[in-house]
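Letters A, B, C, D, E and F mark the chains as written, and numbering starts fresh at 1 in each.
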Amino acid sequence: MLDLRAATSPEVAEALARGDAVAVLAVGAEEQHGAHLPLSTDTVMADGVARRIAEGLGNALLLPPVAYGDAWNNEGFAGTLSLSPDTLRAVLIDLGRGVKRLGVAALVIVNGHFGNREPIALAARALTGEGLRVLALDYPGMERIAGAICDSTPAAPTFYHADEVETSMMLALAPDLVRMDKAAPEYPEFPETFGMEPMLLSTFNRSGVFGDPRPATAEKGEAFIAGIAAESLGIIARFLSRPA
Amino acid sequence: MLDLRAATSPEVAEALARGDAVAVLAVGAEEQHGAHLPLSTDTVMADGVARRIAEGLGNALLLPPVAYGDAWNNEGFAGTLSLSPDTLRAVLIDLGRGVKRLGVAALVIVNGHFGNREPIALAARALTGEGLRVLALDYPGMERIAGAICDSTPAAPTFYHADEVETSMMLALAPDLVRMDKAAPEYPEFPETFGMEPMLLSTFNRSGVFGDPRPATAEKGEAFIAGIAAESLGIIARFLSRPA
Amino acid sequence: MLDLRAATSPEVAEALARGDAVAVLAVGAEEQHGAHLPLSTDTVMADGVARRIAEGLGNALLLPPVAYGDAWNNEGFAGTLSLSPDTLRAVLIDLGRGVKRLGVAALVIVNGHFGNREPIALAARALTGEGLRVLALDYPGMERIAGAICDSTPAAPTFYHADEVETSMMLALAPDLVRMDKAAPEYPEFPETFGMEPMLLSTFNRSGVFGDPRPATAEKGEAFIAGIAAESLGIIARFLSRPA
Amino acid sequence: MLDLRAATSPEVAEALARGDAVAVLAVGAEEQHGAHLPLSTDTVMADGVARRIAEGLGNALLLPPVAYGDAWNNEGFAGTLSLSPDTLRAVLIDLGRGVKRLGVAALVIVNGHFGNREPIALAARALTGEGLRVLALDYPGMERIAGAICDSTPAAPTFYHADEVETSMMLALAPDLVRMDKAAPEYPEFPETFGMEPMLLSTFNRSGVFGDPRPATAEKGEAFIAGIAAESLGIIARFLSRPA
Amino acid sequence: MLDLRAATSPEVAEALARGDAVAVLAVGAEEQHGAHLPLSTDTVMADGVARRIAEGLGNALLLPPVAYGDAWNNEGFAGTLSLSPDTLRAVLIDLGRGVKRLGVAALVIVNGHFGNREPIALAARALTGEGLRVLALDYPGMERIAGAICDSTPAAPTFYHADEVETSMMLALAPDLVRMDKAAPEYPEFPETFGMEPMLLSTFNRSGVFGDPRPATAEKGEAFIAGIAAESLGIIARFLSRPA
Amino acid sequence: MLDLRAATSPEVAEALARGDAVAVLAVGAEEQHGAHLPLSTDTVMADGVARRIAEGLGNALLLPPVAYGDAWNNEGFAGTLSLSPDTLRAVLIDLGRGVKRLGVAALVIVNGHFGNREPIALAARALTGEGLRVLALDYPGMERIAGAICDSTPAAPTFYHADEVETSMMLALAPDLVRMDKAAPEYPEFPETFGMEPMLLSTFNRSGVFGDPRPATAEKGEAFIAGIAAESLGIIARFLSRPA
């Protein structure tokens, strides 16, 4: 695995020469995560999982993560910064064209933020049309693992934000950035039209936390990372073995 | 100074409440830098200088750096990945609108890559038209400092790429990413139409190095960073004191 | 309720003069639906549900439906025709601006096709930013009703395509367009990477049917339409009663 | 002839297999037509003529009509809703690419609204450049027939809007949507700069009618439809017989 | 009248200070005009007419002409160069915004090329929406004058290209650019689908001439220019006297 | 050399048939140049130099100049009119595609305005990607010649605007447009952040002049034109002799 932040150009050339290099790109966000997690939580997590996946692959190029995503619905909280969905798609298409030019076998996108899903899907469709195979992963297995090891319940099904799941992963990946003394639960009441109209989360959520981060541990976080990476690697293996 | 990677949303809210927060954004590149410097050199350098500037400001918000730039003319070397100029401009406009929404007094862009200059200038023009003050810095003082402390000459006037200047700064900022044993000089002959027609640097440069990185030292790097930051802070102070 | 296909301009002026008119817009698709349902199934269904909703509202303007959607993943079957997601979004923004100009209180979008969800959401975000309230409905209550009255199981959770649900609704809305003699079940095996990479449904689905349309009846269809309309009307009432 | 609203995917596949299928697309508008004709008049008319043309062709695919056009200059009257010219062009290009993918021999566009002409022409130019033959028909023969059978004169040469011509065609196609009791003439005075500057028709036209709809009859309408279809079929035959 | 090619900035400032300055912009084309007229014919003509109009106005700013238009259908002949319709519209919008910023009372566009009509109309619509009054003139009175003074008939009604009309105007405006010894008539047969499908004129026109340029004289040309200018001035006077 | 304003289509066809035609395009600006030079100064100069270059080439097509550029930073002075950088780029790409279709060997752009540099560079990059060779010249040799023959110093290094250099060239090219009686020097103080933030020149420059135009003579102007043309021809010769 080559981390393209640390790697040099000749090293990349050598990896590409083997003919089976896979590019791995994490896409995160700069988004409020309550008082106990940093704004870069989604980027740190996606990059951490992407790194684990890259390590598990034979010949992976780990790209610098995209540190900004479409965090529109968290703009009611200070510190959130977004790319528009169109800009994010353009970034991903540019990077996809770049790795295609390099000659990789495929691009695996590790998405760490819900709002990025559709721009990623549209970029993937465009890139596939240009001849690059693209696989977009949204933490496969996370829901299953959460059900198995979490002590708290999520604020809504599969809605993990600044809660036990994310806090655990951050404790495993970047403990210095977590302030457990500020971790406090909030189970907001979702408006009935949530998901049906554009809505800032801050209109019904006070603290930025969804659920209860207090039971989080680094061990649980490592279980998430290892489990998601393992599931991802299985999916990637089958993805690569299918004819394009 | 708040590093918006590590900071939390309430911390940003507090900084903004003071009314004089300045956003500082580094813009780098993912670009070949020879066999001895990493692909992320321009991002590491811009982020390092931006951090030093942010530290010198009273109330600065240091944004996560933009890790990709327009490195088109280095695409002949493996590992270079670019945003198109239009995409880069869109990214900067989105982020500028974001910090304007937050309520900062101004946005200072610390650019680490020549190819980013025009997208930054166009984004600045657009954002200024929308009411955000934007200052774009291209390592002010670098040429003067290089003249004063460098032992080698640049490959061309003000053309610093994987040379003594950049290698020194990387030795100061991220010594683990520098492989001095692979540092070797190259003084390519520039084609007469360089700058007059689109041209990949790889058509006349073999190693990716322009100049001689061998005399680089961390001390020189620190002198560059400190000198550029000091000069930048003076410019910013006068920029902020002018009426908008 | 005014059907804007049949209504005249003075009638619309009169409805608008009351000050509380709500625009209702169905968005469908031109997409294969197996051998027993017409290509316009999604449009017929969305228009039928939208009409029922409009009838239940005090002062509704029922717009002509958008007859084309983003049916990209069904383009492997003959007859499917798509708008690109960007074009669909542009259509919706234009129509939203149009009803805003007319002076409606809000726009309710009744979506009949999964692939339209994100373009609708992005158009809604843009229009909300321009001052128009927009609510997007994706057949609320359908899953609950299906669980209660269907005799067959869906091919995948909440995946209703040319199955008992859609066939029942078409039997209720446009029986002449349904050929029950050609209705045949198919329960395709979904590839593991379904939803993770751009994928034509025709690569793993032979007939265009997902599930079993044979138990469909017009009575079940009417139950769906009535139930979805009732649930929608409740949501709309609460949506309209909230301050903008 | 297959009406792609009612047809199924296998039926389209069969028609396409013959190799000579022609797509026929009506483009209408949602636009005021006085107090006696519905807002969808242009769509109903274009669809009616397109259907007649499709019936006359050997192997035609009649697409669902585009129900919205560029009706900008009628936006001074309630109920008019427009696509911008750029959006309309994008819709037509998407649909053209769609039928090209299906493998039709050509696309015939039946335009029912003056404001759509240029977007159609630009879409046709773009699609022709992509290898699809496109013919755009603007009711050929209408002026000649009007001269022969109409009892009233138009408000301006070839300007037919809510007048005897359109009202007759609507009486033939959708008599339930016509309210002859509300039909009243208006011969507005056209400003000298009409056609030279952007101008809402409502600035000089009070009722939305141009001319005199009162002499309209269904028989005249049928004569228009039959005559335009016959003339169109002759043009299409020669268009298809020319080498691409 | 100020010709903005020759005028200086202080002179423009003085004209604007009077408060009633009108901008006059000619839009031409770079397009084949047979063997006897130059490629810039449409620009020379539009500029000549625009100058005459500007001279007749009290306080006019005559802009440098736009020397390229949308001459797509003449691209089958060597030397024709086009702006796309979108680019031409963008140029006109930029210039309209520019004169609006200067503070003119209105913008009068003198169009010299048929293919520019729709881009001009769309730019005018956009600019009107931004608060600039725009009038677009297409040689008003030309048809009437041609009927009165021409000795030849046009190749098609109102179709004047490299014929007696244009050649006369060029003889009046730029006799050095006309080679009457090469003037020869051509009356091509127009395909039945002309105007209904994208079609290069070169597919049915051999010489680039439509009609008969041989009876052209400078006197006739002067009659055209004077007559069109007079008619234009009347229209402009009434345009300006109308409330915006 | 063919001037495509005066040339006819058959003449262009003949020049192209030789197979080695080079297109030469001047890009100017409509921009304030003080009280003694016309707004079209940059266009007149670029066109004059381009003509001299075209005359020196064996088989050149001199296109009509682009008379508007990106003069944003002079919009504080009356009479300046700009194309946006995106519009200017689009114009150049359209014209580049046009000359590529004609079959020229290359496109040489003669730029007469600093603000046009980046749009030209981006257009050149795009066109090169489409297979057209493009060379962009910014008055090569001007600085050297100025150093040799000018009696005044520039207001800033390589900053020539309405000064001795430009006034001399205008005296050589269009003496009727120069009013030496109004020529007066100004050596403004440049703000420290000049070039670092969007800034109108009028905020620190009173007269529109940078430097001292008074020593200008037509002889010096001719020396500039001849010297720049000679240097340009050398560069073009080597550019054309390199393999594409």
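Assorted remarks:
Everything below uses one rule, namely that a contact is a pair of C-beta atoms (placed from the backbone, for glycine too) under 8 Å apart; a residue touches a chain by one contact, two chains touch by 3 or more.
Values in this document were obtained by computation on a predicted structure and should not be read as measured data.
Common neighbours of chain A and chain E (chains touching each): not present. Between the contact lists of chain A and chain C, the overlap is empty. A rotation of 120° superposes the C-alpha trace of chain D on that of chain F, rounded to the nearest 5. With centres computed as the average of Cα coordinates, no chain lies farther from chain B than D. Matched by residue number, over half of the contacts between the chains of A-C recur in the interface of B-F, chosen from A-B, B-F or E-F. For the pairs E-F and D-E, the count of C-beta pairs in contact is higher at E-F. Averaging Cα coordinates per chain places chain D and chain E 31 Å apart. Note on chain placement: the centre of chain B and the centre of chain C lie 49 Å apart, centres being C-alpha means. Between the CA-based centres of chain C and chain D the separation comes to 26 Å, rounded to the whole angstrom.
With touch defined as above, chain F holds no residue shared between interfaces to two or more other chains. Ring order, beginning with chain D and continuing to chain E: D, E, F, B, A, C.
Within the complex formed with chain D, the chain E residues making contact are 72, 85, 118, 121-122, 124-125, 128, 133-138, 140, 191-193, 196-198, 235, 238-239, 242. By the touch rule above, chain C contacts chain D in their complex via residues 4-13, 16, 30, 32-40, 43-44, 63-68, 75, 77-84, 86-87, 90-91, 94-95, 98-99, 101-102, 176-177, 179, 182, 208.
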